[in-house]
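Two complexes, one shared chain (chain A), two partners (chain B, chain C).
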Partner chain A sequence: MNLLAFVGRRLAGAAVLLVLLSAAIFAATAVLPGDAVSAVAGVDASEGQRADVRAELGLDRPAAERYASWAADALRGDLGRGFIGERPVTEVLATRLPNSLLLAGLTLAVTAPLATLLGLWTGLRGGGADRLVSTGAQVLAAVPEFVIAALLIAVLAVWLEVLPRVSVIPLGGTPLDVPRALALPVLTLSAVGLAVATRLLRVSVADAAATPYCEAARLNGVRGVRLAARHILPNAAGPAVQALTLTTGALVGSAVVVENVFDYPGIGRELQLAVAARDVPMVQGIATALVAVMLAVLLLGDICARLLGARERHGR
Partner chain B sequence: MTTVPTSQRRERPAAHRTPSRRRPPLLVGAGTLLVVLFALLGPLAAPYSPTARLAAPFQQPDGQFLLGTDVLGRDVASRVLSGGRTIVLTALAGTAAAGAVGMSAGVLAAMASRRLGDLMVRCVDALAVLPALLIVLVLAAGFPGSGTAVVAAVALATAPFSTRVLRAAADTVLTSGYVEAALARGDTRWAVLRHDVLPNIAGPALVDTALRLVASLHLTATAGFLGLGQGGAAPDWGRMVSENVPGATLAATPFLAPAMLLVLLSVCVGLLAGRLADTVGRGAA
Partner chain C sequence: MSRQFDRRTFLRRGAAGAAALAVGPGLLAACSTDEPGSGRKPGPGSSPRSGGTLRAAFVGGGASETLDFFNGPSALDLVRARAWHGTLGNLDPSGPDGVRYGVLKGIDLSADLSTYTLHVRPGVRFTDGSELTSADILHSLSVLAGKSMLPVYRLAAANFDLARAKADGDLKVVLPTLRPIADGRMILCQGNFLVVKDGTKTFRKGMPSCGPFRLTEFTAGQGSAFERFDDHYGNVPHLDGLELRSIADSTARAGALTSGEIDFAHDLSPVTARTLADDAKVRLVPTKSPYLVGLSFQMNMSVEPFDDPRVREAFKLAVDREAMVKTVFYGDAEIGNDLPSMGFPDYAESLPQRAHDPARARELLKEAGADGMKVRLTTGPETPGMVEMATLFVEDLKKAGVQASVRELPAGQLYADFATYAALPLAGSYQMPIPALSTYQMSTAGGSPSAFGWKESETDTLVARARAESDRSKAKQLGTQAQRTRWEEGNQVLPVFKPNLNAQAEGVSGIRDDLFEQFPGFSQASLA
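Take a look at the complex of A and B:
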């Protein structure tokens, strides 16, 4: 009961936020003087041609009116068509977003167990190993993703020649058809994700280990794996999940960069291409979709943290 | 990304800390100074024009071109020397703007009534939901080729965290006994702000700015890599990596040289900021 009300309230909040943020995205791309007209008509178009294009794209109407009609269409599942190639934005989303989600899922599968192990180890042991891993994570988190990717390319693709440099996916196929093409993108994203997640988990574990509850368990002679699995992890999981979901934004950014390094056919690559081509409807549609995905992840994280937190209260 | 706030809590007792942790970070500091000076003064030392096509693409390093030539046959050494200034200056400008915005908004939110302050933090949180890179990309789509847009985006993406941190810091000071005493004896809010609040949040503000600088460098380099901001042939370490990675099998120096410099820059600044956070955090504890 309680949980339903909680989810309902959060859902309403997320919906309001999505409307506000989509308006902000719309404003930044459409109201401000980005010259969508020259992008479509060409720079050397005459004034008459420019006026025609402006009317054809509906850019002669006030911005608020354009946003209202765009939002109404979006609610019906129509995000408009891109200026370049007249592709429907929803079609691009439908073909590219699954590829990006696959990348995210594989990264999560690699990162979550490793980060849990490292976080538990460093958070409980402390000392030199803790400092080494923490400093390593700090260093790794500071380096831009594309630099990590470039170094991995230098070692694995150029020097050792074990992995392909770009993720070429055959037309009409999915990335799963060429698992080797997925290796470098997943490896790069996992390195970044591991650095972030380990630091957060370490803090949660250290906090949980300092609670009287865990102190009592330790005094009762519980230690090692049993202490970690039965007492620390359930208590650290709630805060850790919450902290991790807050880094989703950063990981979405990382994914955009990594997709661009490896020419991976995901939504981030498409977004960058749209920005480079000044394809305003495509940028608006993809950016809004990404924000919606992020809000969904945050909501999911909140619910998970609440469920885990409830369990913690039972434990006491 | 490095927007993860460092834990202020020190869970290890003092006895576990080795003395080496307290040594001033000479090596890291020297490294930072060196690479920043290299980036700022490098353009003066470039042997050739960084944008001129001088030879065939992807020539191996030799006596004439110390690091070889890049994808368009430009001198890599000259481009490496010239390509850091934009990144460092943009990141500094973005950090300064974010610091100013975050500081004023944070202190304002703390000084305002509880409800207004909460509302401000709510709005700031909404902005923080947006992935930093998305802000940069969307603003770059709105203002193509504008360097100012990148600075504004970097500031907009990093300011929300500063606002939160500084509001919390200012809140702690404002609810302390001596501020209550100062207000009770009739000091104006402005005087309290100047003599009590600002000096006491200088430490957290400094740490916060350092952490923002790490994030700003990260974002600025990435924006360069994605070809946002001032476009064209102008050298930029980030863009050099994206230009030359496709030719990775032909020549390694054109993308490895800027990549290594970016590693050096971000690692040194990152470690320095982490050390600063540790030191100030410990001092406050």
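Take a look at the complex of A and C:
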């Protein structure tokens, strides 16, 4: 197996997909009802003023032409300026995207080891513990994020007062300057991810534990941690890794609820605001960047899964 | 997420022109008003205590926030600029000219209402030590405001001949009007016209400014920090510093307030505000009249049966205003009388309050042959309470025999496709606090698309005459006459005025003294 060739092939595919998806995003903004003119010129603007603003924003040109010039600029690294406030889109991405990546990364760092432990434990043990954890996970996965957030706030911020209620980041700083402010957002996001990943792992661990080679390993006296880590986990992790990468990638752009509740300065809310204001360059830039992040995360997930698979073959 | 009443909307609706409160030329000669607050200097023994950094949170506009308030759409952009830059003046219904001047000493206008002379207050200094002169005002007004895309700043160009504006010495700006108006002070001193130094092209930290605070830090979508400017004209702030934060979610703003992370939370949703009512550490400070937002429904007169005045009256009689105030705003709102701009000097307060009379509404609909009519009310969560009000209105209409239903659009969509909006038969809307006649001229006169088919050249003429009338009582009479027509035959149901539900930590004071309450200023604020 040539990992490099695999990565190269996947990268080329991702690039093509990125171009196609950016066009799809542009098409989506074009068919959204309305445009940014009302947001810029005001509801009460006259027809003449509207036409002026439309021309100034370049919205009077055909959509295909607008996309072509956007794509040409984007290739040079210039994603344009937002209609509202005229900030360069790249600047917004540079300040917000790292925060979102951090949030998603930390969530993964909490979720992955915990899910592995819980998945192995419940999958191998079965019985009462399994039923308890599985039911718990099921409930957790079903509760909406904002409810979990509210519960965590009520307990940790209001009642016990151990964590700040809102993630107030020092001006000019990053969330890393106030690690405490990250705790509640990460906990909230981890809860759902953990529940899903645990359920997935439990099933595949149980499957793997029932296979003949596992039986053979057991008969050879392999027990406990060694059995779990060397023989079961590599075979069981595949689907869970894929699921975790998917949710982590999606988290980067879709943690809007958590960003709102804790006032975390992520990219998801910027996207939401831009859509509401019909700020096409901002929507286009952010959405394309998020697609790129998602494709990169998926690629990483595939590489991980492939490496796991390779180990599995190696281990046999 | 709670939606902001954004400044964009304020500016667009509000571009305050006029006020019927026209001021006689005799009064004008003597207009050298000092701010009432200007005598209050901080110092030992003075109450309230000076010092400290006040932290306030607003909805904000995310990464699109900008220091260039001439092109900045979010409410926070203007709040930040008010702390940072000097203003020409603010509307002050209790003031002698209806305004309170800032960097100006006063505004004179010629007897024929064709020329305004702005007198610069001497001795106003920028942070770089230079003195503010007429050139700075001219630059801010004719170059920066003149080029702005925001309608409120365009209003200057719509009323004044900016190309012919000129400086007369260092302390006078002469501003010719395009046609005679008596209420130009209301346009210039509505709080939005802030002054920066002559030649300013870009806005950045460290640029000279003459407001109460100087900017030390700014991160779009996150917040800004200020320190007191000790050489500020008029009154030096009590506070040492100021921090303005963007916290988009209403509950999060309230949470930050109760946990002591901020001292002032702007514009909470009614439900959030209610949860704070029992908190001893926090005080609710809703904005007072006239700084109230009108929530309304527009009936489209170019769509049947709203072309029939009886149907329009029936809809106005059908609405249970008190129930809306109680259920949607928990009593913390005022009952409206189907006219915008309650509390402003030119508001027709002498008209009787319209009653809730579903029986009469039913009769009127029957007379007009519209009983059992079908109508769909379109609205969206553009400001807290809008959708809830629409739901109640539809129930009221059903009781009057109308087959009404409500359609809620996602946030941001109601106004985004304006052509579609203006063609709706029945639509939700809201009005920012601006004087009555300017509201009319901005959004209703001349068959404007947002007038929903109202086209009454007689009323338009009345309003224009009221604006050009320098006799105060005559102007009031003309203005009231115009509003009576709107009240009787108009196509707007305006049942409720709601305040901005602000809240502050116990002990904070002086924010209200800065006027222009929907965009609070902190030059006179102090902490406990």
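Throughout what follows, the second predicted complex is superposed on the first by the 299 of 316 C-alpha atoms of A that agree within 3 Å, B and C clash if a C-alpha of one lies under 4 Å from a C-alpha of the other, contacts with A are read in each partner's own complex, and residues count from 1 in each chain.
We adopt the following convention: a contact is a pair of C-beta atoms (placed from the backbone, for glycine too) under 8 Å apart; a residue touches a chain by one contact, two chains touch by 3 or more.
Treat the numbers as computed from the prediction; the structure is a model and nothing was measured.
Enquirer: Identify whether chain B and chain C fit side by side or clash on chain A in the overlaid structures.
Expert: clash
Enquirer: Does the superposition put A:N260 against chain B (first), chain C (second), both, or neither?
Expert: both
Enquirer: Per the contact definition in the header, classify A:R269: touching chain B only (first), chain C only (second), both, or neither.
Expert: Only chain C is touched by A:R269; chain B is not.
Enquirer: Tell me which partner A:Q138 touches in the superposition: chain B (first), chain C (second), both or neither.
Expert: After superposing on A, A:Q138 lies in contact with chain B but is clear of chain C.
Enquirer: So in the superposed three-chain picture, is A:T95 touching just chain B, just chain C, both, or none of them (first/second/both/neither)?
Expert: A:T95 sits against chain C, while chain B stays out of touch.
Enquirer: Let me test your reading of the model: by the given contact rule, A:P179 touches which partner, first (chain B), second (chain C), both or neither?
Expert: Touch status of A:P179: no partner.
Enquirer: Taking the superposition on A as described, I'd like to know which of chain B and chain C A:G105 touches: first, second, both or neither.
Expert: Neither partner.
Enquirer: Figure out whether A:R165 sits in contact with chain B (first) or chain C (second), or with both, or with neither.
Expert: both
Enquirer: Answer with first, second, both or neither: which of chain B and chain C does A:L17 touch in the superposed model?
Expert: first
Enquirer: Go through the superposed model and pick first if A:R87 touches only chain B, second if only chain C, both, or neither.
Expert: second
Enquirer: Would you mind checking which of 19-27, 73-81, 217-225 or 379-387 on chain C runs into chain B after superposing?
Expert: 379-387
Enquirer: For chain A, which residues belong to both interfaces, chain B and chain C?
Expert: 32-35, 153, 157-158, 165, 260-261, 272, 274-276, 278.
Enquirer: Contact residues on chain A for chain B in the complex?
Expert: It is residues 17, 20-21, 25, 28-30, 32-35, 126-127, 131, 135, 138-139, 141-147, 150-151, 153-154, 157-158, 165, 196, 199-200, 203, 206-207, 209-210, 243, 247-254, 256-257, 260-261, 271-272, 274-276, 278, 280, 283, 287, 290-291, 294-295, 298 of chain A that touch chain B.
Enquirer: Touching chain C in the complex: which residues of chain A?
Expert: 32-47, 49-50, 53, 56, 82, 84-87, 91-92, 95-96, 153, 157-158, 161, 164-166, 168-169, 171-172, 260-263, 265, 269-270, 272-279, 282
Enquirer: Under the definition above, what is the set of chain B residues touching chain A in their complex?
Expert: Per the stated touch rule, the residues are 1-4, 7, 9, 11-12, 16, 21, 126, 128-134, 137-144, 214, 218, 221-222, 225-228, 238, 241-242, 245, 248-249, 252, 255-256, 259, 262-263, 266-267, 269-271, 274.
Enquirer: Under the stated contact criterion, what part of chain C meets chain A in this complex?
Expert: 1, 8-9, 11-13, 61-66, 68, 71-74, 77, 149-151, 154, 217-225, 243, 245-249, 251-252, 255-256, 258-259, 261-262, 410-413, 415-418, 420-421, 442-443, 448-450
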